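Heads up, the next two complexes both have subunit A, just with different partners, subunit B and then subunit C.
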Partner chain A sequence: MVVVNFIIQNILTQAAITIALIAMLGLLLQRKSFGAVLTGTFKTLLGFQVLSAGSAIIVTALTYFGKIFQHGFHLQGVVPSIEAINGQAMNTLGLGNEIALTFLGIFIVNILIARFSPWKYIFLTGQALLWMSTMTVIGGKMAGLSSVWTIVVGSVIGGIFAVAMPAIAQPFVRKITKGDAIALGHFCTIGYMVEAGAAWFFGERGEKKHSIEDIKLPKYMEFLQDTYLSVAVVMVPLFMITAAFAGPKYAGNGTSMNYIMNAFMMGIQFVVGVYVLLAGVRLLLGEIVPAFRGIAMKLVPNAKPALDCPVLFPFSPNAVILGFITTTIGTVIGMFLMPVFGLAVILPGMLTNFFAGGTAGIFGNVVGGRRGAIIGGIIHGLFITLLPALLVTALTSFGFVNASATDSDTIVAMLIYAWILTPILKAV
Partner chain B sequence: MSEKLTIYFICGAGLGSSLACQMTAEDVLNRLGLDENLEHEAISSTPGLHADIIVSAENFAPQFKQYDLDPAIKFVFLHNIVDPSEIEAKLVPVIKELSAKAS
Partner chain C sequence: MFGSLFKKKDTQKNTVTPSEKGDQAISPTDTAALEKKVASITVQIKQASDDKEKRHLLYNQLGAVQVKLGNDAAAITAYEASIQDKEEFGDAYNALLNLYEAQRKQAAKAKNDDDIQKWVSKTDALLDMSKRVMRSGFGY
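And then the complex of A and B:
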């Protein structure tokens, strides 16, 4: 018993170990060589620790930003970043273990649904699954569920989303790719439906419909495809402008450095944090996702892998840039609009704006042409600003620092907990 | 036996679509009995990569021109990055050419 207790209390409570063991299981099931199992397991373990290090950097930068924003504008400014939420949930709040097990649970539920229903989608975008497990675990914990029930309920809700979202997007994806070989696995799909709906309503139709792909975009916009660069281009000036309003007393942070320079370095720190965290995610998932894929393809005949949104980008590159710009315009309008309704100030989240905005642009363009993509994009931007604003109070009271979630589907999953599950549990 | 080639798959964040492309390519290479080192990365990290071949989506092609990369690196740009037949048609000839040179 002593040995078992030691294992439970000291090893299985370490989320890094849990997730490494999941990867090891996947590699063993695939009958990989001893060397491949060893390196794969180790890489996953390493990945989790790199992710934690990245999260610590982000939190430092966000804490600073929250302080200067509050003193500069006398408002609470929230940075929407699912990466920051995940990092804080895993480390500061110690939910890493639940998140790792829910991640595995969602995958199992996904396979079961795909195996026994007509929807053969296998969700293979690892980081999106990680964000989904993060949000369902936070939702479960907020609703007051025990750890076991948090994992069970999270796996079922997450598993349903993992099949339902690719299924909803598929009619559009067919039109975009002119085929049925690719499915979209990205938890921003509800946002894409909002854009497609708006594009259908406001957009061009029939003869008058012009695709944005017929126009040549200026070359200088292409650098925006470099994720980290486009985050830096917005975040760094945002830190500096806010610091200018806050003044040297708060923005100087007690250093002898000039306060604007200090803000510049802090803005860079934020980008560094995102970079390190995502490098950790890359290590973490590089082994697990292919293992999942191998297992799922064996268990589910005719399975259709649902993949990350950039697989659609080469089909409609101009719409990606247009979607990014229009969504950003929408989020900027939303930033000013939310406080009018008594909600928190949600700053434009550049990572989502690029990936979700770009993909939404493709949906808008295919449904409603140029005009559809432009108007739809702005409405998409407003929508993805409204969603995190609804979560802020709950997340802050739970101990999150100046951050809210992104990715519409994960927020909707969490709202299911907050608006439906919690009241039911309280009533019982 | 000749040395294994190192092939990098590149996308914007180096997380999702590059890995999807890598997994598809792995299937293609396994089927043809080719065994190479496959890795995936973000485009920001490409300067300084030691690779024999870089595989990416068409929309990234202009980006790579801005980097001062080792001229020996071969590029393969794909329209549908998860289409096995496109990968086989574009990537495999490059692999065979480089392997033939090395041996």
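And then the complex of A and C:
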């Protein structure tokens, strides 16, 4: 009994161990060799610890940024970063165990739906599943559910999203790829539908519809070649400008260093945090995802794989660029617009603008041509700024430091908890 | 709202993937002509060993012919060689996406875990290439 208690209280409460055991289970089910199971399990454990280290770095930089933004502009400036939310939830808030088990639960529910329903989609973007499990766990905890119910409800909601989102996007994907072999597995689909809807309403139709692919765009996106450079290009100047407004008293952070230089180094620290955290995520998912997708594919042989958004880029590259630019314009407008409605200032997130904005551009273009993609893209930018703004108060009161989520579907999943589940539970 | 998208579902569903094309019966005469074409392109590829630009286009042609012949494995080899010579959006990417998926389905039906991983990993590599090409200004 003493040994069992020791295991329950000291080992199974460690999220790193839970997630490593999940990886071990996947590897054992695949009948991997002893060596492969051992290294895979260890790598997953290591991945969690690297993720934790990245989260700590990000939190330091975000705390500093929140302070200088408050003093510089007398507003709450929030960085939309699902990585930062995941890192803080996993570590600072101690929700790692629930997130790890919900991640596994979503996978199981996804397989069950695909196995026994006509919707054969298997969601293969591991990172997106991790973000979804993070947001459903936060939602469950905010609704006051116990850990077990948080995991069960999160698995069901996340599993439904994992099938429903590719299914909703599929009519558009068929039109874009001119085939039905693959599906889109990216939890920004509701945003894509908003862009498609706006493009249909405002865009070109019939013979007047001109695709953006008919134009040859100039080559100018080199700065996006490196993920971290693209984060730095926006975040570092943002830290420095905010510091200039806040002044040396707050931006100096008690160091002898010049306060602008200090802000520069803090901006770099944020980029390093994202780098470390994503390296941890890759390590963490590197063993789990291949193990479970192998199992999923065997259990649902006629599955339709739902793949990450770059799968669509080659079919409409100009629309990706247009979507990135127009979504960025929308997020910049949204940044100034949100405080007018009493919401926090949501800073534009360049990574989301590139991947979600770019993919949304493809949807806008296929539905409403050039005009549809342009107007739809700006509306998409506004929409993906509004969603994280709606979450800020709830996230801040729950203990999150100066960050909000991105990825529209994960936010909508959490809003289901906040707007539907919580009132029902309170009424019962 | 998106009537045209949904109405075309059935016709879109019938879109023939490279692999499916290969399954359609072709006459012996056509087969002979296509095999002749394969031999001719193979010779041209050998001759263009120093010209990657030309060779990658020839590999694309070879891949397309192999798809028509139903030789999926040979088509994959040709398209992969094309991408190795020049990473770009176009025929090779589009065809490989469908060919890998067809192979993955076969592996899943055979419950061959190693092959499932192999084809899914190859699709992952294709997505990585998509990101690289997109970020580098898609080959202009």
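The rule is simple: the second predicted complex is superposed on the first by the 425 of 428 C-alpha atoms of A that agree within 3 Å, B and C clash if a C-alpha of one lies under 4 Å from a C-alpha of the other, contacts with A are read in each partner's own complex, and residues count from 1 in each chain.
We take it that contacts are C-beta pairs under 8 Å (C-beta built on N, C-alpha and C of every residue); 3 or more make two chains touch, one makes a residue touch a chain.
Keep in mind that this is a model prediction, so the values were computed, not measured.
Partners subunit B and subunit C, once the complexes are superposed on subunit A, run into each other and clash. In the overlay built on the shared chain, the residue A:286 is in contact with subunit B alone; subunit C does not reach it. Of the two partner chains, subunit C is the only one that A:171 touches; subunit B does not reach it.
Contacts of A:336 after superposition on the shared chain: neither subunit B nor subunit C is touched.
Of the two partner chains, subunit C is the only one touched by A:367; subunit B is not.
Using the contact criterion defined above for the overlaid structures, shared-chain residue A:317 touches subunit B and also reaches subunit C. Contacts of A:182 after superposition on the shared chain: both subunit B and subunit C are touched. By the touch criterion defined above, A:197 lies against subunit C but remains apart from subunit B after alignment on the C-alpha atoms of chain A. When the two structures are aligned on the shared chain, A:298 is found in touch with subunit C, with no touch to subunit B. By the document's definition of touching, neither partner reaches A:149: not subunit B, not subunit C. On subunit A, the patch touched by subunit B and the patch touched by subunit C overlap at residues 124, 177, 181-182, 219, 222, 225, 290, 293, 305, 307-308, 310-311, 313-315, 317, 320. Those residues of subunit C that touch subunit A in the shared complex are 1-2, 5-6, 8-9, 12-13, 15, 17, 89-90, 93-94, 97-98, 101-102, 104-105, 107-109, 111, 113, 116-117, 120-121, 123, 126-128, 130-131, 133-138, 140. By the touch criterion stated above, subunit A contacts subunit B in their complex at residues 124-128, 177, 181-182, 186, 219, 222-223, 225-229, 275, 278-279, 281-282, 285-286, 289-290, 293, 305, 307-311, 313-315, 317, 320, 354-355. Subunit A contributes residues 30, 124, 171-172, 174-175, 177-182, 196-197, 200, 216-222, 224-225, 290, 293-294, 297-298, 300-303, 305, 307-308, 310-311, 313-315, 317, 320, 358, 367 to its touches with subunit C in the complex. Across the complex, subunit A is touched by residues 11-17, 19-21, 23, 26, 40-44, 57-60, 62-63, 66, 78-83 of subunit B.
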